[in-house]
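These are the structures in question, set out in turn.
Shared between the two complexes below is subunit A, which has subunit B as its partner in the first and subunit C in the second.
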Partner chain A sequence: MSLVDATAATRVAIPVKNRRTRVIAVIMGLFGVFTVFVFGFGSTSGAHSSFTFNPINLANAPWRVGSLTVVTRWTDVVLGVVMVALATEMFLRRPRRGVMARFGFVAVLFLLGLLFWAARTPGPSPTSSVNITAILVGSSAAAMVLIFGSLSGVMCERSGVVNIAIEGQFIGGAFLGSMIASTTHDFFFAALGGLFVGGLIGLVLAFLSLRYRSDQIIVGVVLVTMLSSLSSYLNLQVFTPFPNFNTGILAPNLPIPLLSKIPILGPVFFNQSGFFYVMIVLVAVVSFALFKTRYGLHVRAVGEHPRAAATVGISVIRVRYINVVLGGAIAGLGGVAFMATQGQFQVGYTSGYGYIALAALIFGRWRPSGAVVASIIFGLSVYLSYNLVTYNVPISLYILQMFPYLITIAVVAGLIGRVRAPAADGQPYLRD
Partner chain B sequence: MSETSPARPSLWVRYTSSSPLVVTFFALVLGLAFGALVIVTTTPAVLDAWRAIFHGWNGLPHALNLTFNNVGAAYRSMFTGSVVDPQGLWHSITTGNGWTNTLTPISETLTYATPLVIASIGVGIAFQTGLFNIGANGQAVTGGIAGAVVGSMLHMPEIVHLPLTLLAGIAGGMICGAVPGVLKAYTGAHEVIVTLMFNYVTYAFLLFMVLSTPFQQPGQQNDIGRTMDHSAQLAPLFGTSSGLRVSYGVFVAAAVVVFAWWLLNRSSLGFDFRVTGANPSAARASGINARSVIVVVFLISGGLAGLAGVVQVASTTHYVDGGFLIGNAGIGFTAITVALLGRNRPMGIVWSALLFAALGVGGRNMQATTGIPLDLATVIQSAIVLMVATPVLVKEIFRLRSAETTTVQLATTGWGS
Partner chain C sequence: MELELRGITKRFGAFTANDQISLKVEPGQIHSLLGENGAGKSTLMNVLFGLLRPDEGEILIDGVVTSITDSGEAVRRGIGMVHQHFMLVPVFSVTENVVLGFEPTKSLNRVDYRQATEDIHRLSRQFNLDVDPDAIVENLPVGLQQRVEILKALSHDAELLILDEPTAVLTPQEIDSLMEIMRSLAAAGKSILFITHKLKEVKAVADVITVIRQGRVVGTAEPSASESELASLMVGRDVRLTVEKTPYDPGDEVLEVRDLVVLDDRGLVAVNGVSLDVRAGEVLALAGVQGNGQTEFVEALVGMRPVQSGTITLHGRDITNLTPRQALDVGLGHIPEDRQRDGLVLTMSVADNLVLNTPRRAPFARHGTRNLSAVNENAQRLVRDFDIRTTSIQEPASSLSGGNQQKVIVARELSRSLEFLVASQPTRGLDVGSIEYVHRQIIEHRNRGNGSLIVSSELDEVLALGDRIAVMYEGRISGVVDPTASRESIGLLMAGHTTETASV
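Moving on to the complex of A and B:
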């Protein structure tokens, strides 16, 4: 709501929507043109890019997939032309649905084009080929954390509470998770700890914003400040003198028999830590609970029109409490999952993933499935922004690291107004 | 009629009722209590003593004693490190020597508070308009970079150089603040996410700047930028030989306070801001252009944050490095809590900035003397602000008489549509 509130939005809805679609189309087109001219014609005509698909650790992979070699220039030109074509189609037709799907597809094509270009062989890259499987496995770690975060956001915002504190729940989960995992060497207990601390932060948020109707965003932001300073404090006070509490133990991979042997898909989906499988189950459970159960209907009613929900006998406050605490617990678990893939807890190492998860939630239109797709795209860009350096890309590491955040901004700016938040999102509920 | 209209309450009732000042005071008490709790639960010696309270007749007294000693030492060092050490003061008064040592804590607090006031006023103006500028830290970083670039790479006489440096800082912050403002005004993108993302973008930009050729300190491999010319620095108020760092920046901060007071209370633009913040639909109905208000507020807010960044550079280190305003120590983050504590009013912000600066500076002394990490200061600050943002809770805890509900007035809810 705030300054551009619902009444104004409905009054000028149609022209804004159409113009917004065209702006997004133009951005997509620019991506395409960039791909054609910088990636395509920017590489020498004889250059070719090759890709391998075998996992780095070949020990438990009985299969090998051949490598794929393509001519860099023409592949990138084709990719760029496809992007431009999609953009043109969208600019002219102004479709009502599927705008974000197209945008996401173009983003993936762009990243692909970037990879083709970065890995061209008579080029600066020290490695002669790009291992696609390794990239997918690497970005699945970031995507997993973002999915946990955006699921937490789905839980909270569908019931009408904005959970900005996801970042804080990540920090709390990562801290306690590292402590428990390092001492017990058991990630089950670490996960329990993450659920607990995340749920606790969710409870504080719910308590202050539901019982006392404080501003949810302010409470969330201050909670993040508190958690990040508390973790920094405890890091010096506990982890520095007792390094045994923070050994940087990583969660072991649990390969699923048979399925993990599938080429490419196996290592990405079926040879992951337990957190990954839990995440997949959670996505299914949250989707089902939200859209197919009675309780889910209550939640959505509370998030859209709390007064009407209260009229038919739903306890608005209770539903919100439950969802915010559960959502917080999910984010706390995400923090543990982050720690379990990154190792040793460090101050500030969640680097804003909690906020990117919120953007993924918006990108995914407040649906678990959409949030998953968005998180995968964000995860890929986060991973590439840190790892493109290994290809000697002529762009500063620090400029590359801006990209996930800039993409987040672009997504939020391009999509708000096109997508609709739950109507009561962020509004305090007065019981009378 | 006389039965329905309440009599004017007595002085005692008024002071035990939940006036904003009283709530703030009790929030402080709660914040410090929370900090004490954190100290106690994370100091091994104290925990051991509590574990051993049943081990002997003096178990409990010993534990209590140790608790009070630890907490007392922490808060005492915070006070002596940020305000004044009473023993040193007495020594200076009686002997007339050592004034530098005696005055250093208060000078440090003022040095820290100077940019904090400026940035917090920027955040407060945005809050009064119902906008949440959480990216003040990023704007301060770009302001600091811009100021350091102008201050170190251009050379001119002081009368031009210093104002130009400060203006560059304002411009740097404005550029960084304009983007969220324009996006909010024209696309509805929520300023919280955009400004937050800009904090990370500007941090990457800072590292890029201090590590690449034209701006990196010559002959350095580390992440450190060029040093500002003397003509671009804010000189110490009592001269370089005084050893006190408090600089002419305090006058910049004072000017900003006056400007903000005038803007919010005396100008028609500020009236538009406050109307927009208090009631967006009323603002629209009365013909206020919401879009231009949003953009202008973000320009002012970002510009002030940028000014804070350049004042910070020009009065303390005189260069920016990779650790500039990083993490919880970033004045832009503290500015959010300061603005909330000061209820977004210029004078309130001055007092709360002094308080939080004292906590921060005192925290440094606490870390040096007792080994308790400095971050405790931020923990206490955020606990205080959580309480201030929830006045009803404070009232309930201390059983304050209920006056009219005092909430921090805000309209930063939801994602917009």
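Moving on to the complex of A and C:
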């Protein structure tokens, strides 16, 4: 019994050289090859892509940034080659860390390549151009909603409860939020309403899965279905005859002095609605609470090994109730944020954002920071899939719209990334 | 701490897990609680740790009657428990695990990890328990994980440590190291309650030994007591069982096992080169204290666990590494050790359970559909023939008593034509009537000229059923003797002494 024996023991490594890393590398490589041959050599040799960076609302841009014009073919070829290089590196070295980061980077490069390709014009003189700042601002709204959703998932799943009902909490928040915002013209009350309805749905989920130990996935799906039908019904009964309850009022932007004037970054980060800033604060708070505080340690212990937590006097059920209700409230707020940037509530309004948020949560490995990065990538691809049709893309809108969901399926099915959920995630807890 | 238990009784329905158990642990003493699996040791510990409430009896701490309502209460009273299945969060660091529930905090409710790490260093030095506070628990070998468990208990100021089967998961070197730790903790004035079924360890480390069997204290012993004495106390001799048998007239070898090596769930060698023969018209009884590889041996025989090396042949045909379905098809019958886990589907009806091993065969299935009338006829016949007490053949198996559940399994296995029967602890937990019944069925199977292997840790059962008795110890056969051998000599074999083998 000496120090030697202790350190020697810690050096025992776990063999996690998994084949999955190589599968991901191959997928990344295919993205790269696709970029080289379809986006690169697929565009005519003289084609150019041109970008502008000035915000649409020029009042917010005392600075003017020039436009950027590049040769489409070779830019995309270079992008593709970089992607293939990254894939090769990963295939050969099989790194243990940073697999998701590399994949995320390649996904961004791919979207960029797609953008270059979509923006191409036959000649060198830019007749039309793609506004990068507008794209970033547009996708920041989608990313924000996804971050709310995945943060909600982090809260619930870290304590061991799967929250499939995020979509339902979005719907509930958006519906009630629209009603309150339309009547009071105050988004603070709308936010409170969203927190309340999301928390309430969370409470139902917690009650059924903790008290009656129902299957959490099924309860979650049932809640989503129920809320989606309920909102359709209420939409018909309330919003259609009384349009004043659903005016489609948008939350005003609150530009931060000076910072909002920075080119590109300013409009994206510092000229947003209050919900965006709340979201940023929330990411920091959840991160801090989960990884630095006593409460967070208890939450993670409960999500990993509830019996161990119980033997040291932590109430597993209580921790789970608290987290599921708080997580629900966050998703409810996300629903209001969605409505505050999208306008009028409609049937099928949130179109599966809740499930994409779940995928972002998994992709981000159950960490708030990871969820943010994943949400940004997903947000970008959601936005692009809806907006690429305005560019020169000969692909059906509906095919493009499948893209984020395809990634979602791949992530949720565990095809991409070393997925390691909290060990007790989704497991009902039984006291003997 | 001085701990005294007075007349602790704990019942689960009709089953009495602890029956009037009394014992006393003195400060600085290593008190060993010795007993077989299922003897009621873990129940007693759960009572002591506040996880279960006793029906009768009282717990005295330093002479004061104390009621322990939950484990938090037990911890506050200075009772620390090192669980058999560690209560550690695998992805947490050592520090996080040790402080969990008792975190030192600074502002904003933050955990003060620097303070925590210092505390761990201090404790490790004090009790000579080296471990890196920043290591992630799942990366540590089991022995060190256990050290973390002990540190965790000590950090809560435990004065009495309960070690529940602490050596079950350790390598021999780690066991030596644990013994060392236990001695030094005792020397520092801590009381230790050491629960185990391993005789050697008890003799090596205990100051006082209490032996329990079927929920009752059956004796106390000094560590100077011989292992065979302890073994016979543990497995008991209070019931003498006799079974009518026709004279032993063995035929040819039916089952031949050669140099079998099988691993346990943790990947450690559980069966270490076992060779056995069983002949027609013979019951070979495999005796031994539980946990010496019998379970893994049987699971390997019936295709429930892969064989690492060695061969198994049945009537000269290689049956090594069959799937369970293939094992059924070659005519192996299996009465499993854990009847509720491996023997029955508790939620299914008695009738369905009675055809669990032959659902795809005529007459129970035809053209891929089930023939329910044949299933029901079969059930009615077996319920009558084997005297299974059930209100209806459509009742779920879970509604039957333990003895009747076992009869369902015995009826199912013995009602088809078998080449060989493997029965593991076939009468565990049964009442005397059911025991007799099951024994008679097994002997009838033998009298028809079939081979059987019966695994039992009950010495009486082994002596009553076996035509020859093989004793297993630490994954090996320590000897094969005739049923006329003395209990003492079998006890010695069970304790790992080897003798001249009578015949193999």
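For the reader, a short list of remarks on this structure follows.
As a convention for this text, the second predicted complex is superposed on the first by the 405 of 432 C-alpha atoms of A that agree within 3 Å, B and C clash if a C-alpha of one lies under 4 Å from a C-alpha of the other, contacts with A are read in each partner's own complex, and residues count from 1 in each chain.
One rule holds for everything that comes next: contacts are C-beta pairs under 8 Å (C-beta built on N, C-alpha and C of every residue); 3 or more make two chains touch, one makes a residue touch a chain.
Computed from a predicted model, the values in this text were never measured in an experiment.
By the document's definition of touching, neither partner reaches A:Met83: not subunit B, not subunit C. Annotation for subunit A, partner touching more residues between subunit B and subunit C: B.
By the document's definition of touching, of the two partners only subunit B reaches A:Gly348; subunit C does not. In the superposition on chain A, contact of A:Arg294 is made with subunit C only, not with subunit B. Within the superposed three-chain model, A:Ala308 lies in touch with subunit C and out of touch with subunit B [touch as defined at top]. The contact surfaces that subunit B and subunit C form on subunit A in the two complexes overlap at residues 1-3, 5-7, 9. Residues 1-9, 20, 162, 164, 208, 212-219, 221-223, 225-226, 228-230, 232-234, 236-238, 347-348, 351-352, 355-356, 358-359, 362, 396, 398-399, 401-402, 405-406, 408-409, 412-414, 416-417, 420-421, 425-428 of subunit A are the ones touching subunit B in the complex. Interface residues of subunit C, counted against subunit A in their complex, comprise 51-52, 70-72, 75, 81, 83, 86-92, 96-97, 99-103, 105, 108-111, 128-132, 135, 138-141, 143-144, 156, 177, 180-181.
Residues of subunit B touching subunit A in their complex: 38, 42-43, 130-132, 134, 179, 183-184, 187-190, 192-194, 196-201, 204-205, 207-208, 211-212, 276, 280-281, 284, 290, 293-294, 327-328, 333, 336-337, 340, 372-373, 375-376, 378-379, 381-383, 385-386, 389-390, 392-393, 407-408, 410-417.
Chain contact summary for the complex, subunit A toward subunit C: residues 1-3, 5-7, 9-10, 12-14, 288, 292-295, 297-298, 300-301, 304-305, 307-314, 423, 432.
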